[in-house]
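Sharing a structure here in structure tokens format.
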Amino acid sequence: MAAAEVDRVTPMFWGLFSAGGFVVAFLLPVFIFMNSLAYGLHVVPWEKVEYGGALRWIRGDPATALLGSTLGWLGGWLPKLFLVLIIGGGLFHGLHRFKYVLYDVGLHRAKKVLDPILYGIAAAGTVAAVVLAFSFP
Amino acid sequence: MERLAYDIVIVGGGAAGLRAAIAAAETSRSLRIAIVSKVYPMRSHTVSAEGGTAAVLRDYDSFDGHGFDTVKGSDFLADQDAVEFFVRRAPPEVIQMEHWGCPWSRDPDGRIAVRAFGGMTVKRTVFAADKVGFHMLHTLFQTSLKYENIERLDEWFVTQILAEGGKAVGVAALELRSGTLHAIAAKAVVIATGGAGRVYEFTTNGAIKTGDGMALALRAAAPLKDMEFLQFHPTCLPGTGILITEAARGEGGYLINNKGERFLKKYVPEKMELGPRDILSRSILQEIREGRGFQGPYGQYVGLDLRHLGEDVINKKLPMVRELAEEYAGVDPVHEPIPVRPGQHYIMGGVHTDVRGSTGVPGLFAAGEAACVSINGANRLGSNSLSECLVFGGEAGRSAAAYAISQPAVGSNPISGLVKAEEARIFDGLLKREGGENLAEVRSDMQHTMEENVGIYRNGDSLEKALAHVRELRRRYERVGVRDKDPFFNTELTTTLELDFMLDLAEAIANAALLRRESRGAHSRTDYPKRDDANFLHHSMAFRTATGLRFDKLPVKITKWQPAARVY
Amino acid sequence: MAVETVRKPYVRQRSAWWWTKNPRYVLFQFRELSSVFVVLYAFLVLWQLWALRGGSDAYYAFLVMWYSRPMMALNAVILAFAILHSVTWFALTAKVPLFRIKGRPPPAALVIGASLAIWVALSLLIVKLLYGGF
Amino acid sequence: MADRGTKMIKLRISRYRPERSGEPFDQEFTIPYRDDMVVLDALNYIKDHIDPTLTYRWSCRMGICGSCGANVDGTPKLTCALYLRDLKKRPVLIEPLANFAVLKDLVVDIEPFMEKLEAAKPYIIRKDERPIERGEYRQTPEELELYRQQSLCINCMLCYSACPVYGHDEKFLGPAASALALRYELDSRDQGSEERLAAVATEHGIWQCTFVGECSVVCPKHVDPAGAIQQLKALAATRLMKAMLLPLAPR
């Protein structure tokens, strides 16, 4: 077999894919439950999900309250960081995997086009998440 | 026709062939070497060896110790100069294998570990758990990939050694993938085609061990040596013939009869389970004949009891034994004895060579189980033959390299002319043959005859009978038809060619056994139960002539150790 | 050359439904499919953030859609796939020993078990910390 | 040689005779059956007594030479280690290993596999070779244990037959070759890590594996090639990232 070129790009994205895989595995299910289903299942009250509740959440009020006065400053950061991790991790993990789903249905010849598009979307989505999340006080 | 020309053609990709190829490749980078093998090298039957490979590595051991054990094991038929050469070269070979990555089992301090083995007076058998042959073969094969001057012709079946002016000048080989017969020119040819166990019915040998190389050499005017000596391994699974390695006894396993007794105390009280194979096999047969065997669907057997070793030792040192017993006998050795009986295992005889691998025919070399140097004499000690493949494989490779370098370039002389007759024999003769005989029937008839009459015990009558029957089978063979008419990947054709080789060998074996009117090592004649040094302390040499086999004698070389009674 | 032979290695075509032949392949396809739902949810959350940015009217409009029946159903499906992802991911990472116990990689079952335990604990911690409990 | 009263078993075998027809076809055989028969015994019975043209590979009949693989009832198996009594479906369906080109009947083209094996540089690479006279490289049983599992591969290719990624990308390095690369990576005697990782971390190398994991399920020798590939990926990724982040650091 002719010596093939070392692929230096994929391992970088594979690294993000694995990191994202961990984040998604550990954090996503509980977030989906709390953010999407908990209210519908009557586990959390309306005050927590309506506009004011959502704003309080992203400002980190519950966390600040729980962490008390010494670690309270952390509380404001936590939800934003949490969102960025979930969105960025989810995108880099999911789109990397999705790339192989597309390869699998026969698009592996389009690698040169697919890779920049998919990883580009992941990067753009992550940037958007940072900008949006940290735009809240 | 595409012209194939190499400096060296090695027939066989087992331990001996691969070792020869690497040795030749290292002799000179400019030599072009081809390994021609009827199966991909990692399928060679070396892969199934389980127990170990012997070499003097420890302070408590000595070359004389290994040498004497080997000579005594051989019942004084081994050439002692060859044995001395062998024991000195085995250790560096084992270390070389280590450097190439062989996963030898280790002592806690990181040194290569050794275990006990039958007939060896001290622990000197190197091992890689109980997959020794597997690891050695894969290490050699993978290492061979490093050498750019080694090429492989995988799944090429050699049908003939091409000779001109009394010299070997190449081989004719059937490329299975294309169904074409090629002439491969070579300055030197090395035969490393392994043993011939498939001549027998009940054998530990794989389907490919049909002794092709021995028959090829015989037809190319090289003599076969000591063909009457076949080793029967004491512990094989009834039915399949799958080997349960001697290491099982080396690690402390017992042989028991149906009374639960360690019956070997009657036969080899000193050595017990670590006695040499020929004696153990006869003892088991004796126990069975006297009614102390177990009865099973495949006849009588005895038990190999490992229970007292405990699950831990079994898993660590004998994982493959457990795997094989569970898979193929439905027995877990941790809880039950394994059913075993003796089966054909190894052929001490083979193509006659000196310690350099030369056969006497210029340009033709041989090594491994296909060859007979002889270090094994009348009975090989377990774990000597893998070392033999390394030591003499290497020697044969270097000799072939030296010879090839000394020869003029393979000229324009069209070697393809030499295969015309062979092409006609195979494609116009065999392939078109519509005979009434069935290949499988002739083959199993031969195997049965050999098993019955040229087995662990033989005598004048049985050998005469076998010889006559094999000659009859040779006539029937001429009427064996080949139903698959497509030359491409025709395994019916190759098995027919293999049967042709095996019939030659069966005759040589039976004939040599008939002529040796004594009992020595694995050759046990009920009509001549004693060893007879006055008349038979010699090798038997078989030559092929126009009228059949001619037998001759070759004196045994004795250096240090005078023949003495062989008691264990 | 004396004998001319034809030989055409036969290359079999894989059917588009190859993965239905083996339950483990089906599971694999579902696991791969989970990536689509993970990405989808990432975008939904971005949308949610955008709506929250847009002020109270925009966010109420979002919530009406968010808690509609079809959307609840979709979110339930997404959750199911997220859980599938978590479980299969733990099984996967168990194959890559990050540490050794007495020189040996830890047994896969142990790694999977530990991952599941950490997962549950972490989820409870998040509920407590970020949401102040139920 | 069917004795009266013996049980019979029916097998359906996929056959391909390139010199006779352009397409594979199925053929059924009914043969006498014993409880301790493996699939290979059945094939041998057919070749010896019914149809000598049936073509397949085998040798050791003890699960170690790796030549007798075939897809039995859709799953890649060593035919010498598979008892007929353990198969539920009748007739038993025997096909050549999937994902390889078929040469004749059950014989598939191994060459692509051999190329991959070679590409993985499966041998010890050393910068300094110690002379043989100075003896062995020390290696403790623990160091041996690190790569032992990956050294057990018999090259039977069942894993390739089971891997869907290999099914659509015939250039994919694949499970066994990767496992072998890891075997030498983890060997304390080896110094060729950089070279070997470069050889397997290529476009069609380890990154193609999507961790289907079926390779490890079918592996008869418990090599766990799936795990091996993930470990290689982790090794290669950390190696590359380190090299990028610390361009001046010794690699």
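Read from first to last, the chains carry the letters A, B, C and D; within each, the first residue is number 1.
Here is the rule we go by: a contact is a pair of C-beta atoms (placed from the backbone, for glycine too) under 8 Å apart; a residue touches a chain by one contact, two chains touch by 3 or more.
Treat the numbers as computed from the prediction; the structure is a model and nothing was measured.
Student: Whose Cα centre is nearest the centre of all Cα atoms in view?
Tutor: D
Student: Count the touching C-beta pairs: is A-D or A-C ahead?
Tutor: Counting C-beta pairs in contact for A-D and A-C gives the edge to A-C.
Student: Starting from the mean Cα coordinates of subunit A and subunit D, work out the distance between those two points in Å.
Tutor: 38
Student: Calculate how many whole Å lie between the centre of subunit B and the centre of subunit C, each centre taken as the average of the chain's C-alpha atoms.
Tutor: 55
Student: How big is the gap, in whole Å, between where the Cα atoms of subunit A centre and where those of subunit C centre?
Tutor: Measuring from centre to centre gives 13 Å for this pair.
Student: Where the CA atoms of subunit C average out and where those of subunit D average out, how many Å apart are those spots?
Tutor: Here the centre of subunit D sits 29 Å away from the centre of subunit C.
Student: Which parts of subunit B, given as residue numbers and ranges, touch two or more other chains?
Tutor: Subunit B, residues with two or more chain partners: 177, 486, 488-489.
Student: Which residues belonging to subunit A are in contact with no fewer than two other chains?
Tutor: In subunit A, the residues touching two or more other chains are 97, 100, 104.
Student: For subunit C, write out the residues touching at least two other chains, lowest number first.
Tutor: 5-7, 32, 92-93
Student: Along subunit A, where are the residues that touch subunit C in the complex?
Tutor: So the residues of subunit A touching subunit C come out as 21-22, 24-40, 43-44, 48-51, 54-55, 57-58, 62-63, 65-67, 78-79, 82-83, 86-87, 90-91, 93-98, 100-101, 104, 125, 128-129, 132-133, 135-136.
Student: Over in the complex, which subunit D residues touch subunit A? Could you list them?
Tutor: Touch list, subunit D to subunit A: 115-116, 118-119, 164-165, 168-169, 198-199, 201-205, 207-208, 210, 233-234, 236-237, 240-241, 244.
Student: Please output the residues of subunit D touching subunit C within their complex, sorted ascending.
Tutor: 16, 18-19, 22-24, 74-75, 98-99, 101-103, 109, 142, 145-146, 164, 167-168, 210-214, 217, 224, 226-227, 230-231, 234
Student: In their shared complex, at which residues does subunit D touch subunit B?
Tutor: Interface residues on subunit D, with respect to subunit B: 17-20, 36, 47-49, 51-53, 55-67, 81, 103-104, 107, 110, 114, 117-118, 122-124, 129-130, 132-133, 135-141, 143-144, 147-148, 151-152, 154-155, 180, 184, 187, 189-190.
Student: Which part of subunit C faces subunit A closely enough to touch in the complex?
Tutor: 32-39, 41-43, 45-46, 48-50, 52-53, 55-56, 59-60, 63, 66-67, 72, 75-76, 78-79, 82-83, 85-86, 89-90, 92-93, 115, 118-119, 122-123, 126-132, 134
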